[in-house]
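In this document, chain identifiers A, B, C, D and E correspond to the written order of the chains, with residue numbering beginning at 1 in each.
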Amino acid sequence: GCGNKPAPTTTPSATDSKEPIKIGFLGAKTGDVAIYGLNTLKGLNMAIAELNKDGVLGRQVQLVEEDNAGQKDQAINITNKLISQDKVVAIIGDPTTGITRVAGSIANTKKTVIISAGATGTNVVEIGPYVFRDTLLDTIAAPATMKYVIQEKNWKNVALITSKNNDYSVSLSKIFSDAIVANGGKVAIEEFIQDKDTDFSGQITKIKAVNPDVIVFSGYYTEGALIMKKAREVGIKAVMVGGDGLQGDDLMKIGGDAVEGSISYAGFSPEQPTPNTEKFINAYKAKYNNELPDLFAAQGYDALMLVAKAIKDATSAEPEKFKDTLAATKNYDGVSGTISFQASREPIKTPVYLLEVKGGKFALLKKVPIEMK
Amino acid sequence: MLKLENVDVSYGSIKALHGISLEVKAGEIVALIGANGAGKSTTLRTISGLLKPANKDSKVIFKEEYIFGIREGSRKYECMAPYKIVEMGLSHVPEGRHVFPLMTVYENLLMGAHSHKGKPGQSDFDRVYHHFPRLKERIKQVAGTLSGGEQQMVAMGRALMASPSLLILDEPSMGLAPMLVEEIFHIIEDINVAGTTILLVEQNAHLALEISNRAYVLETGTIVLEGPAQELAKNEAIRRSYLGE
Amino acid sequence: MKKLLNNWLVQVLLFLSMLGLTAYGAQIINDIMPPYILMIGLFIGINLIMALGLNLITGVTGQLTLGHAAFMSIGAYASAIATVNYDLPFLLGVFIGGLVAGLVGIIIGFPTLRLTGDYLAIATLGFAEIVRVQFTNMKITNGAIGFLGIEGATTFPIVMTIAVLTICAMVWLENSRNGRAMLAIREDEVASSAVGINTTLYKIQAFAIGAFCAGVGGALFAHTTTFIQPTDFGFLKSIDILSIVVLGGLGSIPGTIIGAIVLTAAPEILRPLSNYRMMVYGALLVVIMIFRPYGLLGGVNLRQAVRRAIMWPKKKQAGRGE
Amino acid sequence: MFNNIMQQLVNGLALGSIYALIALGYTMVYGIIGMINFAYGEIFMFGAYAGLVLALTNYVNVYVALLGATLITMVLGVVIERVAYKPLRRSSRLSALISAIGVSIFLSSFMVKVKGPNTRGFPKLFENRIFEIGNFQITIYQIVIIGVAGLLMLGLHLFVTYSKTGRAMRACSQDQDAAKLMGVNVDRVISITFAIGSGLAGAAGVLSGIYFNAVQPYMGLLAGLKAFAAAVLGGIGSIPGAMIGGLMIGLAEILGITVNLSEYKDAFAFTILILVLLFKPSGIMGRKANKKV
Amino acid sequence: MSLLSLHNVTIRFGGLTAVDTLNLEVQQGEILALIGPNGAGKSTVFNLITSIYQPTEGKISFDDKPLGGIPTHKIADMGITRTFQTIRLFSELSVLDNVKIGGHCRGKAGLFHALTRLPSMKREEVELEEKSIKALEFLDLASKRDEMAKNLSYGEQRRLEIARALVSKPKILLLDEPAAGMNPQEKVVLMEMIRRIRDTGITIFLVEHDMKLVMNISERIAVLDYGKKIAEGNPLEVRSNKAVIEAYLGSGQFKSRRIRR
């Protein structure tokens, strides 16, 4: 078009200035997916507090938080605002894949680092050299989970449920269903729901008829909990298996007994912590009246710490410079696991934590280590 | 029984009534005549509380109670809700019928007696059916599908159900067949004899003047003439502009 | 002088130079304003284009629809498919987006426009849901996962130019035989047909034009966000656009403009309120409606407004004998 | 297969009863004020939360929670009407609609602020039991929901059709000025209407909270939409219509799932809705707006 | 030549036969009145002619063309326009716009013209405006042209309806109780207007309860009772027809029963 001017190069404040380094937070504080955003924010605030004890390059770190309510146009406005008005050097991206993609391409053109602490879907880092994430990828974790479920548990007869209006769920179901076949299992029935549905009686009635060993559900925890309640009510014994969308204490709060035994994977578990993680957990509990950090809090914390480390290593808060040190990060000992970026900037996180709901809590079932290629 | 003093009414920026004063005494039939747009309906709508005077000096007094205005010796501006006015015994047959279109004729009549405690008796209905036998044939018909004249009967019947002490009528004969026009005027006379005071707006000025005690003539929002009905009926100007002679 | 201005060719030239001026002015703004402000401006423009379309359907013709986002999504996907899958140029894609949406508007208009009032509202709402579910289940749209890789070709000058063009078209339309017929339908359908107005025809016309605008807006939206998903076009989007129209003033073009500005900018302006932002936004809607029950500029007509504002010598008005 | 169908029928009936329950109060307010009360869904949500809070704080039993929530939403409804709708009574319906949207945004974000955005489960207020009838099951929750919806419909219908207040309500909906001239206290009637309607919404909120075991600040939107759809499908303002409309939508959704079109479930329900409207343009029980010319 | 003819027209609403095997001819250029008691079916006849209702039986033809199944809006094209007993104006539009819309069916401009504003379209607009103002002047409403229709008084609204109907250049004008709500003086003026309209060549078909007006201007009168035609003829004949007197006219002599104080 006629209006395409080359983007004005950002002029970050001089390196020697003592002004705070600004980091933007992009995520939902209201709206349907607010819970993910809010928890990410908690992790971020932990990190800020910690970083500001000593400062980064002698400067304070300041967080600029904005609420996108889970809406794309708002996310675009915010990304622009953070970059052009607040002059942030990095944005901790939205926990969802969809918005990260949109915000990522803006940040990339405007040469600002963006790092998502939750996006696990495809086509994220491919956007360009400024786009990162510190998450456990679905493409790695889901097959690992299925391998365990089918080969070790010997649950071969699978009922697969997808939330049809949830992009994460739709892509994850594809990965699950390939992995089920690859490991010798069988998708006996595939059913669809939608986010925010509350009645699943129709689907459950059909699922009951195939008598599955396991119910694989690729969506979020709320629907997961409600599905299992219904399933138990009609007498289905199979447990539920899912992705990081099931991560959330509400799974148990809503699901109660019905979700006992449910298995899911995550890039974080507060159990068997490394010393580093333990420190984080304790500090977190102290700060947020004894609440345990979840996946999003931990990954949010790591995301900011990764950026801070990159800035320190590059001795520059200019995104153009520290993005390369960030991309070169290897074996970073984060609170949510060990993180390395591959040449493609795609993260490898190890281990995959398989969690099982036990006594109303997520309990560590197994750590599956991942080799870096 | 009813007294208006210096009543101004506006629709937005358009002033429809300019300081009207009139009075209706108990037992009278008073006619209000005037050309289209003179403000007759506006006057009636103000009396029943559907419109508010624009001016705090205006007074509308019904049975010693202030519908609008500031009582002497007091400072409070009183402004009575329409339903209270109805409960005090006023009934208004509006211009354009305004029947409840989705209710049956029977229910419409029941609504007429709404302000009364308890259910109206059969005799109340019978009185209405006596005047308008057509309504009896149609008690189950939904009023919205009645013919124009039939709806006018419902509107009138509804008012009769209320057994008001003051009945104000806005063109009750509009759209009625000649025989029924006569019937309406007979009804007005009859209920007046039975004790109801009446304020009547009618385009049929001949008949209106014939049955009324007194009359007011309204012109573009101002009262230009008043007096005993029979005298007005002889007034040259009136004969020319309102009686079409 | 007056005569000259009344000449059709002169008017066309005047109009074209005005468009040029708009584009040029917008380009200047584009160069000096920070991207954040610019982007808000751009969304104002997009929302305005869509709202003008809805204003024609709901404000002028009086047909309440709650499914405008469906046409937006149709325009968005159609244009995205055109530019990505078929490599068509961006502006052609936008036009195609509008066209497809307009066509769908006609097709669904025929059966549904027999309905009136809230029955029409729920039918259009249902239609929008159906469209959304359809997009969620289609291969070519990549379902819920979303359509990736759209070029970010929408720019501020383009949006502004199209917005001005839309405003002009709407003003002309409203002051024509067609526009009057639509207004008449809003007021009284029976009387309209009794004076010879083919109510179905004009309703469909309004629907098609409104849908076209929504489609264009959707296409511009797709080429702004570069990535679209069915969830972007949910019921709340329809409501957002309707709010613009009503809050601005049903049937009023200047009202729609103000509405688009206020309601697009408000969530951004309210950002500092942080957690109370949406509460304040909701309360704001209520307060504005209470104090301006007919909308911010309800009942204001653009020509009158302009004339009153700058006492324009009645150049375009010549011939409207006084 | 057959028991499967019977089971699905029960599922559909139960779901439909929930929709009907929400739609009853909706259609009543809707029919009488003639406005699309968009905040209705949020009142429903508020009721659900009120029930939740009551249930959690005092170990109260179902009835207290239900009653408490009903009372709270009654007050809420009346307040909303006074503040946000009454000033708009004489202006366009759409102005009131936008005001209602404002209220609904306000209420849901208020609840996010106060109670957080996440879904909450509902404590068990009474024990669920499952009855096996032949080859299909019905839970006590389902029986309660179906029963309550049916009873409320009947009661409400009788009230609106035969009581004096009910008649006054209908009068207000058809011609407010004329109603005033009949001595109807229009403000009071509208307040009563809102109180009853909102109370029903609150009760429905608690019941569906118990039934689905989920309460969420944004749950009102979907509920409001379903209620709107059910009310229109049944015929605006018709109380038995709302019941039928609700049941039909519930059955349609389950039917969609049964015939393996669960990904099109909502589209399925709306397609049926549109088809019905094309043949009955004023809803199933709706009286044709037969205004004579 | 008969311009409009009804042949055995019947319509039933449920159990009610509103119009019963009615035969009626309206001659070119005449003023014909249709009278009858309330609920006799007069307005229904108008609704049948304008296709708002379809007859249950029988047929209606205009200019020798059958009207069955023709949609209402085409009826106006053919040259039949009407006013309504219950006023139906475009109440939020200006008086002038109301009248302009009345001229809709004589216009040609379409969407294309609206968006290109070609000179031909402007000419049409100017002509329409002139015509409309003339019609307003004719009905003595010119001073109210910028007023919103709903703000007119009842009688003014009635005249506006006639003005709106006139701009469509009808061959026949159906007037449903045009004098309702007017005072005797205004009725005289209206009567004059109706005559003048007829003198421009427009046939008038009139429903009215005001006998003075009806007897004065109509050349022929048809009387309906319970949907059936009970009489037809010139005013003199009808006035003295016994059935008509019994069903409709009454004595015509109002006698106040009251002794005035």
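As a convention for this text, a contact is a pair of C-beta atoms (placed from the backbone, for glycine too) under 8 Å apart; a residue touches a chain by one contact, two chains touch by 3 or more.
Computed from a predicted structure; not experimentally measured.
Between the contact lists of subunit A and subunit D, the overlap consists of C.
Think of each touching pair as a link: the shortest run of links from subunit B to subunit C has 2 of them. The chain pair with more C-beta contacts between its two chains, of C-D and A-C, is C-D.
Of all chains, the one whose Cα centroid sits at the greatest distance from that of subunit E is A.
Centre-to-centre spacing of subunit C and subunit E amounts to 41 Å, using the average Cα coordinate of each chain.
Averaged C-alpha coordinates put the centre of subunit D at 47 Å from the centre of subunit E. In terms of their C-alpha centroids, the spacing between subunit B and subunit E amounts to 29 Å.
Taking the mean of the C-alpha atoms as each chain's centre, subunit A and subunit B sit 74 Å apart. For subunit A, residues that reach two or more other chains under the stated contact definition are 30, 164.
Touching of two or more other chains is recorded for residues 109, 112, 263, 266, 292-293 of subunit D.
In subunit B, the residues that touch at least two other chains are 145-147.
Interface residues of subunit A, counted against subunit C in their complex, comprise 1-5, 29-30, 65-67, 69, 71-74, 76-77, 80-81, 83-85, 98, 101-102, 105, 110, 121, 123, 164-167, 169-171.
Residue ranges on subunit B touching subunit E, taken from their complex, read 11, 14, 27, 33-38, 41, 95-96, 134, 145-150, 152-153, 171, 174-182, 185-186, 189-190, 192-193, 203-207, 210-211, 213, 230, 240-245. By the touch criterion stated above, subunit A contacts subunit D in their complex at residues 30-32, 34-35, 38, 164, 191-194, 196, 198-199, 201-203, 205-206, 209, 222, 225-226, 229, 233-234, 248, 250, 253-256. Interface of subunit E with subunit B (complex): residues 13, 36-40, 43, 85-86, 151-156, 177, 180-188, 209, 211, 248-252, 254, 256-258, 260-261.
Taken in their complex, subunit D has these residues touching subunit B: 164, 167-168, 170-171, 174-175, 177-187, 287, 290-292.
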